[in-house]
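Can you keep this structure in mind? I'll have questions shortly.
Each chain carries a letter (A, B, C, D, E and F) given by its place in the written order, and its residues are counted from 1.
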């Protein structure tokens, strides 16, 4: 008999600068679209990232996955690229992406999903920008 | 190709008084049902409200929805009616409703759902009454 | 040689209704003074109370004071009188007191100070009304 | 017409010691598997437990379930057995279970599910071990 | 008889970009001094600001100071200048100041102290940059 | 002119097991003194440690002290010795110390104070054992 399916969440953290600015449009139109988030000299946030995986615990370890290994994957694929960086300028995998929380979350999913071991699935990426705003993503097959 | 479906959450806050008291019953029976929450002179809480919508980010803005607009809708439809109010007495849309967290959450859903733009759906209302108690509602079609 | 002097803090919690309203004045003047806090039908809060005492740890127990006993004192002197109560109406020791956080804090100090054992001193009462507002009191001898 | 289906969450708390150590293996192999969590002299955590139930609010009370009763069930079935205990040694219902968060969560589900009244269903057990790690369980029928 | 002296704290919030970079030195030396905080393309934070004032509550209002007025002063003197700004570039009162948390805190004190009414004193500025780091300032007369 | 004196706080964290048990006394008397904290098989906590230093910011860096260096000192002197350890058994500097929060805090002060650079002073050690209990220590010269 198989062990049951569980959801395991690991937190990571990064501090970054960004601005919301679509280069297709004028400064004025960007201010209409994004308000003070369009400030051309940037602003920034402490981002809290929660990565949730899904799987069955091993009978040997009681773990769905060794969280020390998940921590290293998140660190290598996400945190070193985003922490103390400018999300519009410094991040190869966000090139040509408008760094809204929505778009960052999708990019993080795409970085992490192929790196997980086969016996687990990536279930959710949850990114908290401020106490007031956050975005969750459950992968490309989510129906509307 | 469409952008993926994401879940975006905005927090709001209100401080309110209420009591749990069913006028069909005696004071004694209300105390049996509701314990100290039945205190006839009211008590109150700091309520944290999390509103989650679902949709696809715009390619122009990276936003599922402009959260400044969502903030205004939550403010106009919910917060101005509940903040620094008595939930049993002061709120037209809670008239004849026993203001348990459960019933408040359903009333908030019913206020917000018709006000959202067509390209997003209301996904969840989460209302936190204390660090120990909260209620989530995913709309009238939720199966048991 | 004596053990060193330490500060020990215990948290308590109560949910209560109140309004800020000075009966010497008209409704209109109360609204000028207190804004939406003057709502005649009350509003309420989750109050977090932090009580800090000062003393030397016992060599027998390592404790400045047994916190189970401090918890009972706070419960008996403060929490049972304020939790799920109306601070303007239900509380004998707040009779004729305008229940601002400031005045509640002083009243709590006056309840607790005489109940502590002789080997400790009450150091601070800290009452948090919302994430945005709190008041601290260090006793009647605090200089301006 | 039935009232809608809602999800109600109650928090509980316990402080416990454990170690992650599989007695089938050597001390060295346990250290490979579990790192510092294998320390033979134990370590411990403050565990936050969130129990979510699902049901329709009563028209009489506005409650899906009286949370005072749910609190007592959680206290009797879980907290008294785990609080200030050693999860490897002191807990009959964790005997022969490697006390990873995953395995504790399943054991808590199995304790609580049969104790709930018929008109509600246990929906989720969420156990937070540290600010960085948590596990959620939605019951034995969860598909992978 | 005078009312007692109390300490009242109001929270504010701003999201900002900055870098730690002393223009007197080379890029290499800045990286030695500031590590990843020296990233020339900026990074950013959610800053939580706690402003504590000291005074005696009014007998008329129970308030040391009307917090709605304190909120407006903090908003006008600090938040509008720092929120969604670049602390190295956009802020006249931080011109030629290396925007470490230490230096920001002193600048905020200097903005707020002269704006408070005569019956209160500014007691403390506490600025939290991340969950791990914060700075407190009690004014220019603090002894070492 | 000297820069002003500021207080800088750095957070650290450790998860540990302990029991409160005075070997001079019987098991029964220990249970009277310490209640469930005397469980002979241990219990444990997530401890949050806040270390506050005092000093004047450097004109070169804006820092009272490089927090990366403070982090390393706290890590080397405290965290590696306490994290995932048994505070009664595994810690040389707590040998023969009853590991109450009070006594741990004093031991941490005594480890850190001699390791700080001369231009700063250790100001406070704040150790949070649970959301309900914490202890602060300002050094051996604190008057009662």
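The rule we apply is simple: a contact is a pair of C-beta atoms (placed from the backbone, for glycine too) under 8 Å apart; a residue touches a chain by one contact, two chains touch by 3 or more.
All figures in this text were calculated on a predicted structure; none of them were measured in a lab.
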For this session: In contact with chain C and with chain F at once: which chains are those? Just list them.
Result: E
Problem set entry | Numbering shared by both copies at the chain E-chain C contact, with half separating same from different | different
Exercise. What is the chain whose Cα centre is as far as it gets from that of chain C?
Worked result: A
Exercise. Taking mean CA positions as centres, which chain lies farthest from chain E?
Worked result: D
Seminar exercise, completed: chain C to chain D, mean C-alpha position gap in Å, rounds to 34
For this session: Would you kindly tell me how far, in whole Å, the mean C-alpha position of chain E lies from that of chain A?
Result: 30
Exercise. So which bits of chain E are touching at least two other chains?
Worked result: 131
Problem set entry | All pairs of touching chains, each written as two labels joined by a dash | A-B, A-D, A-E, B-C, B-D, C-E, C-F, D-F, E-F
Exercise. Mind pulling up the chain B residues that touch chain D in the complex?
Worked result: 20, 22, 24, 33-35, 97-103, 105-106, 131-140, 142-144
For this session: Name, in rising order, each residue of chain E that touches chain A in their complex.
Result: 13, 15-18, 36-37, 39, 41-46, 83-86, 89-90, 130-131
Problem set entry | For the chain A and chain D complex, residues of the former touching the latter | 3-11, 52, 54-57, 60-64, 66-68, 121
